[in-house]
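Each of the two complexes below includes chain A, the first together with chain B, the second together with chain C.
Right, the complex of A and B next:
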């Protein structure tokens, strides 16, 4: 099956910040996590996909169509949630919904009403009086109510309580049960991605550091704990960041299989890397470009 | 285009009663002078034209609307259609108000009946649409606050430049030259339309041309804009 989203050689120059040669794709029936530090370019990529900003070079194909020349057809099939959902604050939820719903041919009012009941969204309340979490739920209900094939979520779980966050993630898993649908999910709460993502794209300083299936990350990267022997010249090429304390050294290593072989028989302890640790060590390590 | 127009109507319709109240109240201050009253109508109609721009800017909703399945060109065209509709609503309300004021204040000898004629209606529509056509491209290029400032500054610069150049122009362009006679004719026609439909249509056709030109420019600007 062809990818639902295919980005090739994407470039955008803002003067002070440059998105350079971004390439990745999202397969049908999968959830892709977009991670990286603040200002890495995650939101810029999402804006480029939705054609909110123009690209300088490269190609973005969604459902096999160019996202600019066939933007209306593309956006008809995309559901989105922005980091800070903006609505007309003085309108009631119901009226705001009617503005959005009026733009979609596939709007499913029954689905929206059901989601509102599940999310306990007060339809008569003014949008400005909703909490941040309620606004996120409202944005999600809007995104899920027009039978979108691709969900693009920019920090959707920020401001949500842990209970709803878990429900939210389960709902995303339910979305991709329909094999033709996919989710692109940008977040700082990387534990969410560990739970549901199938693949991860790591963005740093406007470049893709890697875009790979989640399981591959756990095979390629690992956390090692031990003494100062970890900082030898032999291991240096594989160290992508480390923290030294009186208790010893904790480090992130790439090419974990090779490192395991090199350290066979030693007292070194290997641990599975978490996405939080991955981001932490990559951003505080000394291998920045 | 219709989707965008409906979205603007849905977004602003709850504010229309407030606008009607302000319209009627504010106009009462200028009932003794029909010419000032006409200008007051235009300003209040422009407030309605700008209402969707104000609420969009205040709520920072442009990215959300741009991510919906409607092209930028259609969205801009919908907004120009809304402006046309707002000017029309303003005209209807203004004429109702002029008729009511003339009838209610007949003992005070307040007479706005001159504003009920074809001339005033056409001048009202022409001025409202010209102002909208002038401002909207500035809005799409720079946003509401900055766009309004730059548009106002542009008008001031043009007026000051013309004032400073007037003595020189007088020596270059003689009052009886064809260009001056044509421009004077246009001005005269604008203010005293002689009440005929043919002259009204000519003026409205000219304004419509400028309106469409402005629409084309605004679409071009909006298509290139990063949101």
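Right, the complex of A and C next:
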């Protein structure tokens, strides 16, 4: 099956920041996490996909169509939730909905009403008086109610408390599983992605470090804990970042299978890497490109 | 287009009621204060032109530009719809300006005199010159740009005033430009209404708005939001 979203050789130069040769794709029915430190280029990529900013070079195909020349047809099938959804704060929720709904041919009012009940959205309240979490849910309800095939979420859970965040993600996951949507989910709260993502694209300084299925990351990368024997020349090529303390060395290694073989018989402890650790070691380790 | 106009009305309706309510009150007051057709139509043109422009700037001020750009609308279509809104609001301004002298019992302007000279045509031309210039500017520079522009205009006015004071007795380019402008406006206002004059004005209005629309579309197509 053809990818729902296919980005090839994408480039954008802002002078002080450059997005260079970004290539990745999102398969139908999957959730892709877009991770990386602040300022890595995640939001820029999303803005380029949504044609909010123009690209310098490369290609973005959504549902097999060019996102610029066929932008209207593309946006008809895309739903979006941003960290700070852009709504007119002096309108009631239902009025804001009716304005947006009017622009979509596939608007499903029944679906919207059902989601509002599920999300306990107060339709009569002014948008400006909704909490941050409620605004995120409202944006999600809007995104799902025009039967979008691809959801683009840019830091939708930023600023939400853990309980609300978990609830939001569970709702999101349930809806996606039920309806087979694809999602591109950009966040720096990487624990969110461990729960729901199928694949991860890591962006660093405007470049794709890797774009791979989540399970592959857990196979390829690992956390090792041990003494200073970890810092030998043999292991150096695999160390992507480490932290040394009086208690020992904790390090992130790539090509975990090879490292396991190299350290067979030693008392080194292997742990599954979390995305938080992955970002931490890659950004603070001594192996920066 | 209809959805867009509905959106615009819902977004702006409270401000619409307030602004245009104030405009009616002001026009009633002004028509009762001064019997000068020149002054009345100059004020009416200014207000009818500024109102739609402020509505456009509100979208930017409330950061709704991104929301608009994310809807399934082409960028050219968005600009066409913005201009349709502009023309509708200008129409409302023109209607109020022409109706007030007829319905206000306080008006010193005789309704019969309204169409006796070229005032309505000059009013339309001035209005269209102002909006066709300002609108692409707002599309490009947004709310903050408009504010900066207003401040720069005022500063430029102050500087030119200073120059005119300094050059009082000598050749004064500022005064010459102002005289030429006022002379043109007086000429437009004093020109009798003839069929050819109306047709010429209609063509000028159409061309101004068409060029303004195309410029705005060109700008918006390339704008990073």
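To be clear about the criterion, the second predicted complex is superposed on the first by the 270 of 289 C-alpha atoms of A that agree within 3 Å, B and C clash if a C-alpha of one lies under 4 Å from a C-alpha of the other, contacts with A are read in each partner's own complex, and residues count from 1 in each chain.
Rule of thumb we're sticking to: contacts are C-beta pairs under 8 Å (C-beta built on N, C-alpha and C of every residue); 3 or more make two chains touch, one makes a residue touch a chain.
The model shown is predicted, which means the values in this text are computed figures rather than measured ones.
Colleague: With everything superposed onto chain A, say whether chain B and chain C fit together or clash.
Modeller: Chain B/chain C on chain A - steric clash.
Colleague: Taking the superposition as given, does A:63 touch the first partner, chain B, the second, chain C, both, or neither?
Modeller: After superposition on chain A, A:63 lies in contact with neither partner.
Colleague: Counting only touches as set out at the top, which of chain B and chain C does A:90 meet: first, second, both, neither?
Modeller: both
Colleague: I'd like to know which partner A:76 touches here: chain B for first, chain C for second, both or neither.
Modeller: A:76: touches chain B and chain C.
Colleague: Take the contacts of chain A with chain B and those with chain C, and give the residues found in both.
Modeller: 47, 50-54, 71-73, 75-76, 80, 86-91, 95, 98-100, 102-104
Colleague: Under the touch definition given earlier, write down the residues of chain B that touch chain A in their complex.
Modeller: It is residues 3, 6-7, 10-11, 14-15, 55, 59-61, 63-64, 66-71, 224, 226-227 of chain B that touch chain A.
Colleague: Quick check on the complex: what are the chain A residues that touch chain B?
Modeller: Residues of chain A touching chain B: 47, 50-54, 71-76, 78, 80, 82, 85-91, 95, 98-100, 102-104.
Colleague: Spell out the residues on chain A that touch chain C in their complex, using ranges where they run on.
Modeller: Touch residues, chain A against chain C: 47, 50-54, 71-73, 75-76, 80, 86-91, 95, 98-100, 102-104.
Colleague: Note which residues of chain C are touching chain A in the complex, please.
Modeller: 3, 6-7, 10-11, 14, 62-64, 66-67, 69-75, 77, 222, 224-225
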